[in-house]
Each structure stands twice: as structure tokens, then as C-alpha cells.
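Here the structure is laid out as C-alpha cells; the discussion comes afterwards.
Letters A, B, C and D mark the chains in the order given here, with residues in each chain numbered from 1 onward.
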Amino acid sequence: MLAFEATWSLMTPEIVLGALAMLVFTIDFMTGIHEKKPFIGRLSIFSLLVTAVLVLVMNPQGGQIGDTFLVDPFAMVFKLIILVGVALVIMMSMNYLDRNEDIYQGEYYSILLFTALGAMIMVSSADLITLFIGLEIVSISSYALAGFKKHNIDSTEASIKYIVLGGTASAFILFGMSYLYGLTGTTSLYEIGAAMPELFADYTVMIMISLLFMLGGFGFKVSMVPFHMWAPDVYYGAPTPVTAFLATVSKLAAFGIIIRVFTLGFESIYAEWAFIVATIAAITMIVGNFIALTQQDVKRLMAYSGIAQAGYILVPIATVLNNFSITVIIFYSVAYIMMTLGAFSIITLVSEQSGRKTGMDTFAGLYQRSPYMAVAMAIFLLSLAGLPFTAGFIGKANIFLLAINGNMLWLAIIMIVTSIISFYYYFGVIKQMFMAEPKPNAEEIKVPGGIQAVVTVTLAGTVLLGILPNLLLDLFTGFNWMI
Amino acid sequence: MMGNILLWLIVVPLVGALLILTIPREYTNVIRSLAGLTAAVALVLSLVLWGMFDRGAAGMQFYEQLEWFTLGFMQVNFEIGADGLSVPLIALTTIVTLFSIVASFTIEHRVKEFYVWTLVLLTGMLGVFVALDMFLFFLFFELTLIPMFFLIGIWGGKMREYASFKFLIYTGLGSGIMFITFIVIYVQAALVSFPDPMSFSIVELTEAYTEGAAAGAVGGAMKGGMFLALFTAFAIKLPVFPFHTWLPNAHVEAPTAASMILAGVLLKMGGYGLIRVGFGIMPDQAARFATLIAVLGVINIIYGALLALVQTDLKALVAYSSISHMGIVLLGIASITEAGMQGAIFQLVSHGFISALLFFMVGAIYSRTKTRTISEMGGLSHSVPVLAGFMLAAAMASLGLPGMSGFVSELMAFIGIFGAPAEILPQAVTLGVIAVVGIIFTAAYLLWAMQRTTFGPPKEKYAGLVDAKPMEYVPMVGLLAFTILIGVYPFILSDVINTTVIDLVSKIGG
Amino acid sequence: MQLAWLIPVFPLIAFLILLFFGRLLQEKSAYVGIAALALSFIYSVLALFERVGGETYTYVFEWMTFGETSLTMGYEVTALNAMMLIVVTVVSLLVHVFSREYMHEDHRIHVFYSYLGLFSFSMLGLVLAPNILQLFIFWELVGLCSFLLVGFWYFKPEAASAAKKAFLTTRIGDVGLLIGLVLLFNEVGSFAYADIYAAVENGMVEQPMVTAIALLVFLGAVGKSAQFPLHVWLPDAMEGPTPVSALIHAATMVAAGVYLVGVMYPVFLASETALTVVAYTGAITAFFAATMALVMTDIKRVLAYSTISQLGFMILALGTAGYVAGLFHLMTHAFFKALLFLGAGSVIVAVHHRQDISVMGGLWSKMKITSVTFLIGALAIAGIFPLAGFWSKEEILASALLNGNGFLFGLALVTAFMTAFYMFRLFFKTFTGDYRGAHDDEDEADGHGEDDHHGEPHENTGFMTMPLVVLAVLAVTAGFVNLPFIGYPLEGFLTAGLNLGDQPHGELWLAFLSLAVAAGGILLAWAMYYKGSISEDFFAAKAPAVHKLLLNKYYLDELYTAVFVKPTVAVGRFFWEMDKGIVDGMVNLIGRFTSTSGRTFGKTHNGQLQTYGVVSVLGGIVVIAIAFVLRGYFG
Amino acid sequence: MTVPISYFLVLAAVLFCIGLYGVLTRRHLVIVLASIELMLNSVNINLVAFSAIGPYADITGQVFSLFVITVAAAEAAVGLAILIALYRNRDSIDVIKHDLLGTDKEKSVSTLQ
């Protein structure tokens, strides 16, 4: 197992992205720190797209680098999601950054590129160490991003909360990993997975503690109950595009590793943890949706909504672990990233135009102020709520199908009931946009190009996948996700 | 494909809605005419469908099946078709919608959106009635929620937000239960038929459950649960006691046109679903729970009527009368006879016209008197004789006066319930008698309401009211004409329905 | 007879014309209605003549299908309905003519005539129906017309409430009828009379069922023909215009109940119990209504109770197998009661729209035609030889005696006595003595035509007197169609082809007895109200409680209000509260529970970083604990 | 005589808990960050112990612990940087004072009913 013999070409996208990120970082240094740097933003987007193309070109054949770095359809699709997601986040950030002078634009872009890199490594890793490194790249970058408006009280407070709780979560993950390593003597997920049945018989308690610690730590990242506490505050305090990033890329990447670790490492004791995940999924859906009901701030609302959405994504994991459930999860992830990013870009737009407020009432009469944005937002929210002819509906429907097919009727019922409860708050926003009159001093909304582009892309994706889901489903169904 | 009239029916309103979107909002008259035109085209199409429909043939006509998407072994198709159950309801939908569009020409507030939503709603409703894939059915079923939410929420009365959210969540919950049940039904059948692929097709599932593989393989308890869940889901829409409480709120707050559509068509989707899916797929369970359904039907009739009797708001009264009348549908279905089934479908159609007319009249009167409180009205026959006359006609239709459509449906339902086979419905006669007594209450609340509104000494404050305007004659005369047409010569309707009904009921035997 | 379908169509056309163009025609509306009815009458006469020599003609078409069954509609001309056609068209035509004058002051006269047209259409349709379903349809339509016409003066609260009461009360009976015919349908598989007769005669319908069906059908008749205990609507229905009372609430619609029993007679014959119930209901109704008629002071109400009483006679006849007697009385009663009502209408116009007989009197000299014709009517109803009422009433008494029992017969006899008495009480108080209405105009103002309260009563124009004369002639002669001396021709006509058993016929002494009873009643009235040899208050003073009871109509209205109306409304209120409080309350409670629990969960988000940590860690511990306990890792 | 591995494991667990306790209770943010370091270091003890005397002792554990140390350092650096920013904004690093983002009583009003 000499690493030199490995097919390093599999890692080309990561290497190229790393290099490009360095390049962006360097250019930023050379061009002065306080400037507006739209070209760096464009360069970053370009880098991400180049990487995405490289992923498409280099990765389809699959393979691995010494049990440590895996390239399979699962990793590939997740990487594409991550890259496109980060690109969209950057796109929506560009105008935001121009309006917020206290943000150093170059750093912002390069850090986002690094998070993309970290997330890519995360979803590709088949080794605890690699995985941990990827995770920490994402995490530490996220801490910094959350506090990027360093003169803003909310932003710094969000950041410190995030880092303290996130650090603790990392410690839990590591603690769990240390047991796993100690009991197997290896950090390779494949070997751990192979040893698992025997190991579980011998060291039930330690394995379960390790498993649950890791689940808790990863659960922190995906904001599942009861490890969701940070989310509303951090989402609320962080700059809105960063919130979008946390709600989408960071969360989905964490889902990626949950699936990876639990599939490779713990599949043989699926019965031992599936019901725990099911319980957590149920609680997550209930708590997320219930608290969201009473929220009057859109960003906090989206935070709770994001918690609830995490619960939905957990349902397939709790039901069955196979290609099919991964297909369902990935389809929902695609839908989720579309609708969430679309929604957040409009939230960014609206809150920037309402003096950085994010109360529900800032959306009052949006339909009169900008019909396109209002309609788009409505469609994103409908999609999040799971109403027909949107990607979110198909995604949710697939989850139902899976859950019922997997004899998880009770979970499906909780899911559908909480989904319907969620109508209340999603339609609450819609009500503001369409039924309330605009505030007297509300100005006409000018839509910057970046946001227009993000909204258009995500809207197209949301609607297209809602009407023709087979575009993706047929493709996904053909994949053998994990080699 | 291009020739399928059902497809055109779904597409036309959508195209109309898109066209309206392109018109600047200031051109309200253009928007109104375009909306009316779209609905008229849909109406013409539905009448063409009515004409083309082969009365003698059982099974689906104008059938179309396109692959939509697959998920694992699950196949979801775009599958549409029509039979004697859906054709009348399609016609009802287009008629009521057209009239409600005409009725809302008086709306001045956000005209463009109003018609866009109405036309989207029309698409959804027509979609429900033509969809033969359960997935598609659910999609359209759910689609109707959104426009109605807006119609109530934007153009509604004082409590519109409460009402619109209640409507949304409550009936949304019903759709949710329905969806889960659909999937359970599907999965059960698919597991049995495995490895043969199975689609969500209602036709295919009907076959599977009635004579195919799933018929014997799926357990009785399971099937019973599925049927009850399905029943609950549709009961919320219909609505059936005790799931009815969203309806009065929604009706009282909704604008006239929305009330017309809500009572005229949306409730019918519940009855339609119950017959198409509940009865169609699990006729044995329908027979098993016939007593339950009949009892609920009777409760609906009596309870709705008694509540209507004590309402102080005219619109609430009409809303409760809807609840009461939907009991007839349940009763007809529960009898599991051809007459009863015929009666149930007749009632769906007939109540569609009558309730739309009633709501229109209430709206027209409200727009003049500015009150819906019954005690504040009176003497309207003097101030607005034509409106009062139509109101009276509508009330008569509603209380089941022969010569109008309501009577035929009640008669059929009663023939059905009294003739119900004893092994299915042992208490048929008792239930039937109680239900028939309910129609006395119906007469009581309607007549009492008429006595207090249109009759009585003329009131000073209503002296200067303008009587019916030309535009108002269109829905009034139109809806009344259909009511009378069906009442006088029900053959035109029964002819279309009959073959399908025979087919449906015959499944009980086999 | 093939053209018999035109008979109801003419009034329908009149109705439609008046509906659409009535406002333009205004008073000329009357001629449209009269013309239509005249045509109907001519066709009816033709139909009758054809029928007398011919067979029953039937035409049906498919009306509705379900399963393999078809329901049909159409028309047929039988002996019975040929007779009814004549009765209905004659009375209706005369009422149309009469109303031309009676209603001419009303600016809604076109509406009135359109309703009359609709009514005539419905009534004729009812009569022509070849099956019981179609009968039911038109049965309800005449009910609607009754409702509309009783409530014609909608602005009078009493009229509005009377209209509602009329509709609702008859509706109760209709429900019985509906159940009955649905049951019948399920037994027989058809609504057609012919099929029903055949099925019943073949014993296809089992015994308890046939009784149930007969009783339910009879319930319909009880409602429509205002039999006890559903008679309460008819007196109130007098709030309608008087011609309406004459047409609908005396001659035709209320007789429809009797007609119904007539057409369903084979079903009744199949059940002894049902016939007994019918007989007793009729007798009791006849008696009770007559007692109330004794004390009423409203001219129309007296006539209304008299109508109920006479309808009771008919029902009694039918209940005691006197098929022909009942229907014969139906016909004669139609003529003389229409005459009486129209006469009353004429009087009411003359005394400026007042109806209280205490303000009338002395009209004999002022309005000769009205007085004479009214007297003829009164004599006819009292059963004085040789007027129409004598012949038919005598047959009823005969059937009560022969097929009934002593009780029924006695009741009928007492009623006949009372009938004569109250009719002549009415006659004497109205037409003899001095006019008492001149002085207290102001007090009696009923809001109608207040300005012409002055001036002496005088005879009305030809539009009103001509119908009176025609009806008077009929009241005299109508009885001759069933003269015993020429072999009961009507009986032969009506019973031909039907298996109804022998019709009872009284002996001569019965005729004298009935004549004596009638004469006794008249004599008593004469003594009290004309001669004054017995005080008017004689009986009232002797038994004030009875008098009060009668004046208050046995408190039945109050009883019904207390027993049926109020509890229903109370139950409705209770349900409404329950609906708001419990059914909807549950819904709102769940909603509130959801949001409250959401807020409670939300409280943990207090902004304290360490709270978040604690919650997460504790939550994690709970998860671990659950996992370990459930999976049993600890033991 | 070797120390049994369970001693190390218990030590590490205790340290982990102490760290957790510190994170959850100490009001001084620097101490909170230090407590996180404590937790991470307890992991290092685990790793190194397993690596040295675990059932499958090999070098991987030590490599892992090096990574952990690095990451911990990075995390501490970022944490302290944020802490300084926070201090500049609020003139305080008392954990309890930083609760501006919690559910505001005014912000959340029930709207059902």
C-alpha cells in the first residue's frame, strides 16, 4: 500500500481548486485589502466552475487513493453540489459585499474556496483522519465566515457561539473516533467496517459511545435536534450569504460524511442505530417545525426550517441504507440547495434594501415592489413546504415512498404532519409578500445582477426538477453510489 | 396526444393564466375578458367532451398515458382519462368557474392576480377530475390549495387570514393523509405484484385490488386501515362531521367567486376521490364500512341542518347547508346500490350548481346591503325583487324542490339507502328515515331564512338599492337554468353516469 | 286525449310569459292567465268526453336511468283524473276571472297571475301524472305555489310566517310520502300506478310493509289535506289573497291529499290497519275542525276550518271503503267551497278588506248576487236537498255507517250538524242584521287600502259576480252526476276497470236523517244569530273553558311550538355552541397547542451560549440513555 | 509493569468531562476556549494510549494526534481572533453577556389564532 503508486489524477479537482484558492488568496494580498474586488469574485466563481468541470471529467471512472481518498459517484455528485452551491453563494455575496464595507472581499472569497475544498475532501474521504481534516477545514473557515462583519455585534457573537459549540462538537467527534481507532487499530473506514460485527459483539458499550458521539458531532453540523441549538443564533447573526452557505453547503457536506461514515463503518450494525436516527429525525422534524411557527424573523425562520429539513433528510437514512435511499437523499439535497439558496439570495436582497433588517415585515408587499422576486420566493417557499410542481415536492414524495416502503409508516406520518404544519410559516412569509401592503417608506427594489442570476438559476432548477424529476432521477438510479 | 381533449382542458386555463400575466395590470377590462374567454373555451371543451363521450362504454375514455418519472421500481405516469364519473364533474367545474369569473367582474382590487389564481385553480380542479395516476391526482388536489389560499387571503373578509390559513392547514392535512394512504396502497400492491412493475395508475390499482394479485394478498386489517385513512382524507375535503369546521370559516370570509368555486367544485373533489379511489379500489372495504359512512352521512345531514337553522350570518347558513347536503353524497355512496351511487354523483353535480348560485345570491345581496346578518335584512322582495326572486329560487333548489336538480339526487340517494342490501347496511331503513327527516330541517332553515330576509316589511335603509345588473343575470340565470335542466330532465345526466355506476357497483358482487 | 299534455302546458306558458313580460303587461296579465285557463278548460272537457267513451290513455318517456332501471314520466288520462281536470280547470278559470277584479289594485298583479299560472300547471300536472313519482314532483310544486301565494303579501309578517308554516307543515307529510314511495319503489320496482296496483293485488308486497307504505303515503295526504294533526297550517294560510284561498286552499290543492289516497286506493285496500287509521283520522279531523269553526270570527278562518272538516269527511269516506263517495264529495266540495270563498272575497272587498264577521252584517240588501250565491253555497255545504253537498255527504254517511262503526258514524253526524250551524252562523252574521262596519274604520285598518274605508258596501263588478253565479249553478247541479235514481253514473265511470269492491249506498232513511241534522243546525243558527231567541253567548257562557279552548284552536300551535320548534332550535343552538366550542375548539386547541409548544421549545433559545451547550449535551445524554436502555446494553 | 490502558482511558474521559464542564459553566471566554483545548487533548491521550498499548497498537494514533494538535491550534487561533473582535465590540468577554441573539420576546408572537 505504497501511496506513490496511487492514481493521483483522481485528486486533480481538489489540487486544482487548492491551487486556485491560493492564487485568489495571493492576488488578494497583492491588490490591497480594503478594495472592492468583483474580479476576485468572478475569478472564484470561475475556479469553482473549472473544478466542477474537472470533477465531471476526471471522476466518473471512480477509484481510490489508498483507502483514504475515495472517488465514487457519491463523492462526485456531492462535490458538484458543493461546488455549484459555493459558486452560487459567491454570486449572491458579490453585491452584499459591495454594500458592506467592513468585509474584506478577497479573504472572504478565498476562505469560501477553502471551505469548498474542505467539503470536497470530506465527502471523498474514507479515512477518519482525512475526514477530520476536511471537516475542520470547513468548520474553521465557517467560524471565520460567520464573524466576518467584525465590527458588527451580532456577527461576532454568532461567530463566538459557533466556534465554542463547534469546537466542542469536534471534540466529541474526535473522542468517538479515538475509541474507534483504539478498538480497531486503524482509521480506515473500510477496515473498521469489516471489523465492526465482531467488534460490536465484544465492545458494545464503547462502540455505541463512539457511534453516538460521532453522530452527535456530525449532527451538530447538520443541526439535528438536540444539537441544533446554535443554528438560529448563528444563522441570524452571520452575514446573510454566509448563513446561506451554512444552511446549504456546510449542512449537506456534513450529511455526506454521515452517510459515508455510517455506511462504510457501521452498516453491519445498522439495526443498532437506525431507530436512534429515526427518533432523532422525528424529534428534529417536530421541534424544527414547531418552533418555526412562532418566528417573526425570516433568518431565524429559515434556521428552524433548515433544522426541520435536516429531519426530512434523516428519514431515508433511518429507513434503509442502500443505493435507493442514497438516491433519494441526493435528489432531495439537490432540491434543497436550489430552493434554500434561492430563498436566501432573496432574503439577502430584501434585508439589504430594508436597512439590514430581517423581520418578517420587511417582506410586506414584496409583490408590489418586485413581482419577480416575490413569485420566485413564493416558489422557493412552496418547494420547501413540499407543494406540487416543485423540486421539494418530488424530493419529499420520494422520501415518503421510501419510508412507507421501508415500513417506517410512523415516521412518514410525522413527516407529513409536520410538513403541513410548516405550511403555516412558509405561507406566513407568502402572506406578507402578497397580501400585506408595502410599508410606506419602502422603495422600489433594484435587483443586482448576481442575485438575479442566482434566483433565476435556482428557480429554473426548482421548477424543472418539480416537473421533470426524471432528468436527475434516471441518472441517479443508474449509479452505484458507493464503490 | 395533441388530439386529447382532456389535455387541452388542463392546458387551456394555464395558457389563459400565462397570457393574463403578460398583460399590464392597468388593463383590467382586457384581463377580465381574457379570463372569461379562457373559461368559456374550457366550458366549450367540456361540452364537446360531454358530446363526444360514449355513454354505453364502461371504462376510461380519452385515455392517455405518458411516462413521467421512475423511482426505483416505482413508476409515476402522466395518466389521464375520463369516465361517467368525471365527465359531469368536469362540466360542472368549467360551468361554475365561468360563472364565478363573470360574477367577479365587479372586483376592482388586484384584478390581474385574481384571475390568474382563478385560472390556476381551474387547472387544478380539472386536473383532479381527469388524473388517473394517484400521484398526479394528488398533485392537482394539492395544487388547488394554493390559489384558494390566495383567493380567500387577499380578497376575503375581515377574518380572511385566519380563514385562509385554517383552510390551508386543515385541508392540507387531509391531502397529507391522502398522500400517505396512496403510497401505502401502492406499496402494498407493488409488493404483491413484485417483480412485475406497478404504476400509480388508479385503473391498474383498481384492477389489482379488485380482481388482481393484491385482492387476496393484502390483509383485511391493512385494507380496512387504508380505507379509513382514505375516507378521513376525503372526509376533510367533503367535509364530513367532525372535520367540517374549516368550511364555515372559509366560506364566510371568502369572496363570492371563491365561495362559489369552493362550494361548487372543491368540495366535490372529496366526493369524487371517495368514489374514484376509496370505492373504486376497495369496494369490499366500502361495503364493510358502509354503516359508518351512512351514519356519518346522516349526522352530516341533521347536524348541518340544525346548525344552519341557528346561524345569524346568511353566508354561514349557506355554508352549513353545504355540510348538510354533502351528507346525501355519503348516504348514496354507503348504500352501494346503483341508485345510491347515482344519487351521490347527482348530488355532487347538483349541489355544485345550487350552492354556487346560493353563494352568488348571498354575495350579490351583501354587496348591496353591506350586511350578511339575517336579522338586519328583511323586505328585500320589495327593494330588490329580482334578486330576492332568484334567492328564493336558489333556496327552493337547495331544499330539494322537485323540478330542480337537488330533488333528483335526494330521491336517488333515498332509493339507494332504502334499497341497500341488508347484509351490507343492516340499519338502512332507520338511517334512511332519519335522513329523510333531515330534509324537513333543510326546508325549515331555508324557509326561515327567506322569511327573515326577502319577506317582511320593506326597510327604509334598503329603499334605494339597485336591483340585479345585467352582468349579474348571467350567473343567476345560467346556474338556475342548469339546476332546472337537470331537475326536469335528469336523463341527460344519468345517461352519462349510468354505465360507470353499474361498473362500480358490480365490483361488490365480484 | 293525446293532446291532454297541452292542458297543463297552457298555464305554464302563461306563467312564463308573465314571468318575463309581466311588468310590461301589468293588469293585462289577467287576460293572459284567463286565456290560458280557458284553453285548458276546453281541452279538459274534450278529454273528459273522450275518456267517458274510451280507455285510459298513457304516454311515457324515459326520464332517468340507474342501473338497469328506468324511471319514466309522461301523462295519462284516467276516469279519475279526467274528472279532476274538469274540477281544477273550472275552479281555476273562475278564480282567474275573479282575481282580475279582486287584485286590480295591487301593482304586483302580474306576479300574482304568474303564480296562479304556475299553480294551475302544477295542479294539472299532478292530476295527469301516470306514476306516483311524477305526482310527488307536482305535489311539491303545488306546495311551492301555495307557499308563494300565501306569502304573496310578503311585507305582512303574518303572511310571511304563514307561508313558511304552510310549506313546512306539509313538508312533514311529504317526507312520509317520499319514504312511502321510495319503499314502494323498492318493493315494486316501478312508480307507475298500473305496476303498483298489479303488485299490490298480486300480494307481491308483504303485509307489514304494505301497511307501512300505505300509512306513509297517507301521511302525505294528511299534510296536504290538512288533516289532524297537521291541519294547523291551513287556517294561517288564509293570509293569502282570497282567490288563492278559494283555488288552492279549498278546491284543488288541499284536495290533492284526497286524490292521492284515491289513486293509491288499491294499496290502502290491501291493508286493513291503514284503512282504519284513515277513517279515524278523517272523522276526528272533521269533528275537531268543525268545533273550531264554531267560534271563529274571521270569515276566512271559518271557511278554512270548514274546509278541513269537509276534507276530513272525504278522508273518512275513503277510510270506510267509500271510494266514490270521497271523490264525489271532493268534486262537489270544490265547487261549493270555491263559491263560498269567492263569495267571502266579494264580501271582503265590499267591506274594505276586513275579514271579521263582527264588523259585517246587513249585506243582503247591499250585494244581492253575492248574498244569494253565498246562501246557495252554505246550503250546499250544509247538505240540503237537492244541492250538491246533499248527495255526496249522504254517501259519506252511508259508507261510515255501513263499513265503519257507530262511533265514526256518530262523529260524522255531529259534524254534519255543526257544519250546518257554523255555516249559517256565518251567513246570518254577515248578511243579515245591520251593517256594523261603518263606525270603527280606524280601529280595523289592516294596512290595506286605508283610504277607501269610507262608503257603504256595494256589489262588485261582473268579473267577481260572474264566477259566483257559475259556481252557484255548479253547487246546485254537480251532485246530479251521481244520482241514485239513474244508477250512480259517476260511480260507474270512476270504478270501471278497477277492483275496488262494492261501493256503499245508504238507504232512504239516512238521507232524511242527514237532512234533518242539517236543518237542525241551520235552525239553531237562525235562532241564535238571526232571531236572537237564544243569546249569542249562550254556549260561551255555559262552558267558557271549552269556548276558550276552541278559540285558541286547542292550543295546538303553542303545543307544536313548545314541543317541536323550540327544542329543535335549542338543539341547534346547543350544537352550534358545541361546534364552536368542542369540534372547532379541538381544532383550535391543537393549533394553539402546536404554537404554544413551539414557543416553549423556542424559549430554550435564550441567547446563552452555555444554555445551548447544556441543552445539547443533556439531549445527547438522553439519546444515549434511550439507545442503551432500549437496546438493553446495560443488562 | 505497564499501566493498563483503562487508566489512560479513564483519565482521558475525566479530562474530557472536565473540559466539557468548563465549556458549559465558565463565564470567561478564554477559559471556555481553553476548556475546548482540554477536551481535544483528552482525545490526544486516548489516541496516544491506544497507539502505544492498545489492542492494535500502531503508529496511526500518534499521527492522528498530531493532526488533532494542529487543528486545535488553528481553532484556538481563530477562536482568539474572534474573541478579540468581540471584545472590541462589546468591551467584555463574559459569556453571559453575549445573549443578544436569543429569541426576543417581542420578536416571537404566536400568530395561530
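The definition used in the following text is that a residue touches a chain if its C-beta (ideal position, glycine included) is under 8 Å from a C-beta of that chain, and two chains touch if they have at least 3 such contacts.
The structure displayed is predicted, hence computed values, not measured ones.
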{"item": "A-C or A-D, whichever has more C-beta pairs in contact", "value": "A-D"}
{"item": "Chain whose averaged C-alpha position falls nearest the assembly-wide average", "value": "B"}
{"item": "Chain centre separation in whole Å, for chain C relative to chain A (CA means)", "value": "78"}
{"item": "Computed distance of Cα centres, chain D from chain A, in Å", "value": "24"}
{"item": "Between chain C and chain D, centroid-to-centroid distance (C-alpha), Å", "value": "93"}
{"item": "Separation of mean Cα positions, chain D and chain B [Å, integer]", "value": "61"}
{"item": "Multi-partner residues of chain C (each touching 2 or more other chains)", "value": "591, 594-595, 598-599, 602, 605, 607, 609, 613"}
{"item": "For chain A, residues that touch 2 or more chains besides their own", "value": "160-161, 164, 168, 232-233, 293-295, 421, 424"}
{"item": "Junction residues of chain D - those touching two or more other chains", "value": "20, 23, 98, 100-103, 108, 110-113"}
{"item": "Of chain D, residues touching chain C in the complex", "value": "20, 23-25, 95-96, 98-103, 108, 110-113"}
{"item": "Chain C residues within the chain B interface of the complex", "value": "62-69, 133, 136-141, 144, 147, 151, 154-157, 159-161, 163-164, 167-168, 171-172, 175, 178-179, 182-183, 185-186, 568-569, 571-573, 575-576, 579, 583-584, 586-587, 591"}
{"item": "Footprint of chain C on chain A - complex, ascending", "value": "160-161, 164-165, 168, 204-205, 208-209, 212, 216, 220, 225-230, 232-233, 272-273, 275-276, 279-280, 287, 289-295, 421"}
{"item": "Complex contact set, residues of chain D against chain A", "value": "5, 9, 12, 16, 19-20, 23, 29, 32-33, 36, 39-40, 42-43, 46-47, 49-50, 54-58, 60-61, 63-64, 67-68, 71, 74-75, 78-79, 81-83, 85-86, 88-90, 98, 100-103, 107-112"}
{"item": "Parts of chain A lying in touch with chain B, wherever the complex brings them together", "value": "324, 327-328, 382, 387-389, 393-394, 397-398, 400-401, 404-405, 409, 412-413, 416-417, 419-421, 423-424, 427, 431, 434-435, 468-470, 473-474, 477"}
